[in-house]
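Structures are listed in the sections that come next.
Next come two complexes, and both contain subunit A; in the first it sits with subunit B, in the second with subunit C.
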Partner chain A sequence: MMRAQSTPVRRYAATGSLAMLWALPVILTLAYVLPFAGVTLWSVTRPELGLQNYVRIFTGADFQAIFFRTAWVCLVSTAITIPIAYLLAYYWVMGSGRRSRLVEICIFIPFWISVLVRAFGWVVILRNNGLASDVANAFGLGGLSTGRNVWSVITGMVHFMVPFAVLPMASVMRKIDRRVLLAALGLGCRPLGVFWRIYLPMSLPGVFSALAMTFIFSLGFFVTPMILGGGRVVLTAETVFVQMFQTANWGLGAALGVVLLVAVFAILWLSQRVMRIEQLMSR
Partner chain B sequence: MSTARLRDLRVFPGFGLLSVGCVVFLYAPIVVLAIYSFNDGRSVTRWAGFSFRWYQTVFANQNIQTAAINSVVIAVIAATVATVFALGAAIATVNRKKGGGEGAYVVLTFPLMVPEIVTAVASLVFFVAVGISLGFATILIAHIVFCIPFAYLPIKARLESMDGTLPSAAADLYASPAKAFLRITLPLLVPGLVSGWLLAFIISLDDFIITALVAGPGATTLPLHIYGMLRLGMTPEVNAISTLMLAASTVLVLISGLLGQAGRKH
Partner chain C sequence: MFGKSRLGGFLAGASGLFLLLPLVAVIPFSFTAKRFLSMPDGEYSLRHYVAIFDPDTWLASIGTSTLVALLSSVIATALAAAFGIGIWLRRPASGRFLIGLVLLPIIVPPVTSAVALYFLLAQIGLLDTVPGLVLSHVVMIVPFAVIAILGALSRLDRNLELAARNLGASQMQSIIMVILPNIRFGLFAAWFVSLVMSWEESSVTLFVSGVNVITLPKRIWDNLRLDLDPAVAAISVIMILATTLVILLRKSET
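Moving on, here comes the complex of A and B:
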C-alpha cells in the first residue's frame, strides 16, 4: 500500500521535478539561510568585530526593560487569547450546523483582514475620547484609561491572535471520538463533568500548540504595538526597527534580531518537548 | 438520539453568551470602521451624517490608486511564482522521507515561525550585501520568498490526501510521466493550488513590515500608503480604503469557500 502510493510520486520526482528537486535546496538556502547568516554576521561585526552588541543588550537596563515588557505583554495576551479561542473552537467543532457555520465565518473573515486595518479599528475605538470612553461614560464609568497604552496593545494583539489560536485547537477537538463523550453521558456523568474530565483533557494537545504558537507570534508583533502603542509601548520587534533605521545602530539591531530568533526557536523546541512529554503521559 | 445527548454537552449555561461576546469582540473594530467610512464629517468617531464623500476622495486619489495597483501586481506575481515553487516543493517532498523530504519540510515551514521583523531585516541585509538596489524588484523577490511556505502547506495537504494509485494507474495505461502529471495529478491538485495561491496572495497583499524595509524610496504598496496616512492623521478616508479592502477580502474568502465546497463534492 505504502509502495503503491509512493511510486508515482517518485516517478515525477525522477522526471519533471528533478530540476526542481535540485534547484530547491539551492534556492531555499539562498532565500532563507543566507540572509539570516548575514544578520548574525552583522551582529558581531558592526561597528567592529566582537560581542559588544550582545553585552550591551544583556546588561543594559533599557533593553532589559524592553525584554521584560515584551515578555509581560506576550504572556498576558496569550493568557487572554487562549480561553476566547477555546470557546470559539468548541462552538465551531461541537455546535449545531448553523451555529458552527456562524462561528466559522466569525473566525475566518477577520483572518483575512489587513493587520493595519484591524489595528486602526481598535485605535478608533480605544483612543482618548473614542467610542470606548463614550460607552464607559454612558455607563457612568468615567476615567476609564483608554488611548495609547499597554492595554490597547494587548487588546489589538488578542484580536489578531484569536483566529490563529482557534485552528490548532479545533483540529485536535475534531479528532476527539464523540462516542467516548456519549459513553460518559450514558454512565451518568453530568455534561459539565464530561467536559471537565474528558473533553478538556483530550483537547489539551491542541491547547498546548495554540499556546506555543500564540506566544511565538506575539513575540514578533510589530504593527499592532506600533500603531496602538504609538511609541509608548515599545516592544522588542519595534526596537529592532528603531535600532536599524532610526538610530542606525545596525549591529545592535541585528543582534536584537538574533536574540528574538533564538528566543522563538527556544520556545518552539521547549514546546515540542512539553508536547512529547504530554504524549507520554497520556499513554 | 446520539446527537440529542451531545446537545447536552454543547449548551453549558453562559457559554452561549460568552461566545456572543467573543464574536462581538472580533467584529467590533471592523464594524465600527465600516460604519464611519460613510461619515460626512472629518472625524472617525463623531457621526455627522451619511455620505459617500470619502469613497469619492479615495477614487480621486491618484497615489492610492498607484499603491493599490502596485500591491495587486506584486501580490499576483508573487503568489503565482510562489505557487509554482511550492508545487515543485510539495511534489518533491511528499512521500519522500529519505531523500531530504523531511529536511525540506522543516526548512519550508520554519519561516512561518520566524518573527517578521527578523525576516525583514534579513532580507534587507541580503539585498544590501548582494548589491541589488531597493525598489519594486526587491519587494517582489522578498514577497515571493515569504509566500512560498504559505502556498506550500495547502498544496502539500492536498497532495497527501490524494489517491496515490491514480497516477500509478495512468502509468500502467502507458501514460508518460509528464502526461500522467498534466492530466491526472495536476487537475486533482487544483483545489490545493487555488487555496495556496489565495493564501499567498492575501499574505502578500497584507504585508507591511518586510515591504516597508525592502521598498526603498519611491516604491509603495497599499499597506505602506495606509500607514503613511495613519501617521498624518486619521480621517474617514482610511476607513473608506479599509472598507474597500474588507469587501475585497470577503469576496476572496467567499470564492475560496465555494471552490473548497466544489472540491469536496468531486
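Moving on, here comes the complex of A and C:
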C-alpha cells in the first residue's frame, strides 16, 4: 500500500525536497546525537581513562541512596498522579458540557504555565510559616510538618505531571464507543459495573502510556525537586546538576546522565512490551 | 448518562482545584508592601509590579527571553515545516526512523539533554551566549513543532498537491502556493507552541547560560534558590493571567 503509492510521488520529487527532508535530521545529529557521544566519552575519560565513574555510581552507598530515593519518589508520585489524571480525563471526555469545559480549563491553565511558577506556588503554600501551616494552625493542627521535605517534592511533581498524564488517557477514552456502554446498560448491567468491567479495561492502554510517560518524566526532572526539596531531598537528575556545577565533577555528572538515559530507554522498551502483551490478551 | 456520579464529580472537582491551587495562592503575595515574601497584612502595594520594570534585572531578562523565544521558535518552525513537508512529499522508507530521531529530545531526560548541549556549546565556544542558547532551545522545542506540523499535514488532501503539479507548478511553487497555505493553522500552532516552550525552557537553560545571558526562568530560579523576592510573585501573577486569558479567549472562539 505504502510502496504502491510512493512510487509516482517519488518520480517527480526533486532534490529540493530531499534537502528539506534532511536538514533537520542532519542538524539534530550534529547538535544533539554527536554531543551524546562526547558526553559518553567524558564519562569514561574524566578525570582519567577508565570506568571508575560507573563503578562509583553503582557501588557507592551515597549513590545507591540517591537511586533508591529517586525510584521511591517517582513511584509514589506516579501512583498519585495516575488516579487524579484518570478522574480528570474521564470527566473531560465523558462529563456534561459545563463540567467538561471546567475540567479542560483546570488541566490546560497549569499545562501552559512555567514549571518554575508552579513550583513557586507550592513554595508559597508549603514553606515553613506558609499558607498550609497557617491553615493547619487555624484548625489546631500546629506542628504539621511542612517546608522542604520529600512530600513537598512529591506534591510539586504530581502537580507537574497530572496535565501530561491526562492527555494520553483522554485520547484513548475518546475512542471508546459509547454504544458499547449503552448496550451493557441495556442488558441490565449497573452503571458502576459498566465502569469497572467495560470502561476501565477499555481505557487501560491510555493508562499504560500515561504510566510510562509520567515515570520517565519524573526520572529526568530536576527543576521542581530542586526548588521544593531545597537540597534536602536530592534525586538523580539533581545530582547531575550538582556534580557538574557545584563540585565540577564532569565525568561523574556525564556518567549519571548516561545512566539516566539508559534507564529511560529500558522503561520505554519494557512498557512497549507490556502494551503489546496487553493488546494480545484483549483479543 | 455518564460522568454524573456525585462522588466522582466531587473528586474530579477536588483534583481540578488542586491543579489551580498554587496558581491562585501566589496572587495575594504579589501585593505585599514588605520587601520580603509575605502575605499583605492590611497594607497593599504595587511596588513589586513596578520592580519588574527595572531595566537592569527583570526587564533585561524579559527582553532576553523574548529575543531567544522569537528566534528559536521561528527557526524551529521553519526546520520542522521543511522536515514535515519533506516527509509528506517523499514518504521515505526511513520515515519512521527519521521522525523518531527528531522526537528524541522529548523522550531523553531533560537533564541528559542539558549535559549533551552543554558539551556541544563548550566545544564550539558558545556557552552563555544568545546564539548558543537559541541553538539549544531549537533542539529542545523542535519536536513539538514537528508534531504540530505532521498533524496538520496528515489532514491535507494529497490530490491538491498532485493537481497543482499536474497543472504545471514546480515543486517549490506547489509547496509555497498550495501546501504552506493549506497548513497555515498547523504552522501557527507549531510556532506558538515552540514560542511558549522556549519562553519557559528552564532545564537546559540552567546548564548552558546564566552569567552573561540571563533569561526570565533563570532569574526566577535564582530568586527561588537564594531569597524569595516578591517580584517573582508579581511576574508569576502576570504570566498566570496572560495564560488564563489566552485559554479562555480560545475557548470562547471555538
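Throughout what follows, the second predicted complex is superposed on the first by the 264 of 283 C-alpha atoms of A that agree within 3 Å, B and C clash if a C-alpha of one lies under 4 Å from a C-alpha of the other, contacts with A are read in each partner's own complex, and residues count from 1 in each chain.
To be clear about the criterion, contacts are C-beta pairs under 8 Å (C-beta built on N, C-alpha and C of every residue); 3 or more make two chains touch, one makes a residue touch a chain.
Quick caveat, the model's predicted, so the values are computed rather than measured.
The superposition on subunit A brings subunit B into a clash with subunit C. When the shared chain is aligned, no partner comes close enough to touch A:A183: not subunit B, not subunit C. Contacts of A:L200 after superposition: neither subunit B nor subunit C is touched.
When both complexes are overlaid on chain A, the residue A:F108 reaches subunit B and subunit C alike. By the document's definition of touching, both partners, subunit B and subunit C, reach A:L88.
By the touch criterion defined above, A:L270 lies against neither subunit B nor subunit C after alignment on the C-alpha atoms of chain A. Subunit A residues 5-6, 9-10, 12-14, 16-17, 20-21, 23-25, 27-28, 31-36, 38-39, 42, 84, 87-88, 90-91, 94-96, 102-103, 106-110, 112-118, 120-125, 131, 159, 162-163, 178, 181-182, 185, 191, 216, 219-220, 222-223, 227, 237, 240-241, 244-245, 253-254, 257, 260-261, 264, 268 lie at the interface with subunit B in one structure and with subunit C in the other. Residues of subunit B that touch subunit A in their complex: 2, 5-10, 12, 15, 18-19, 22-23, 25-30, 32-33, 36, 44-45, 85, 88-89, 91-92, 94-96, 99-100, 104, 107-108, 110-111, 113-119, 121-126, 129, 145, 148, 159, 164-168, 170-171, 177-178, 180-181, 185, 202, 205-206, 208-209, 213, 223, 226-227, 230, 234, 238-239, 242, 245-246, 249-250, 252-253.
For subunit C in complex with subunit A, the residues that touch the partner chain are 1-5, 8-9, 11-12, 15-23, 25-26, 29, 37, 39, 79-80, 82-83, 85-87, 89-92, 98, 101-102, 104-105, 107-120, 123, 135, 139, 142, 146, 165, 170-172, 175, 196, 199-200, 202-203, 206-207, 217, 220-221, 224-225, 228, 232-233, 235-236, 239-240, 243-244, 246-248, 251. The residues of subunit A lying in touch with subunit B in their complex are 4-17, 20-21, 23-25, 27-28, 31-36, 38-39, 42, 84, 87-88, 90-91, 94-96, 102-103, 106-110, 112-118, 120-125, 127, 129-131, 134, 159, 162-163, 178, 181-182, 185-186, 191-192, 194-195, 199, 216, 219-220, 222-223, 227, 237-238, 240-241, 244-245, 253-254, 257, 260-261, 264-265, 268. Chain contact summary for the complex, subunit A toward subunit C: residues 2, 5-6, 9-10, 12-14, 16-18, 20-25, 27-29, 31-36, 38-39, 42, 84, 87-88, 90-91, 94-96, 99-110, 112-125, 131, 159, 162-163, 178, 181-182, 185, 191, 216, 219-223, 226-227, 237, 240-241, 244-245, 253-254, 257-258, 260-261, 264, 268.
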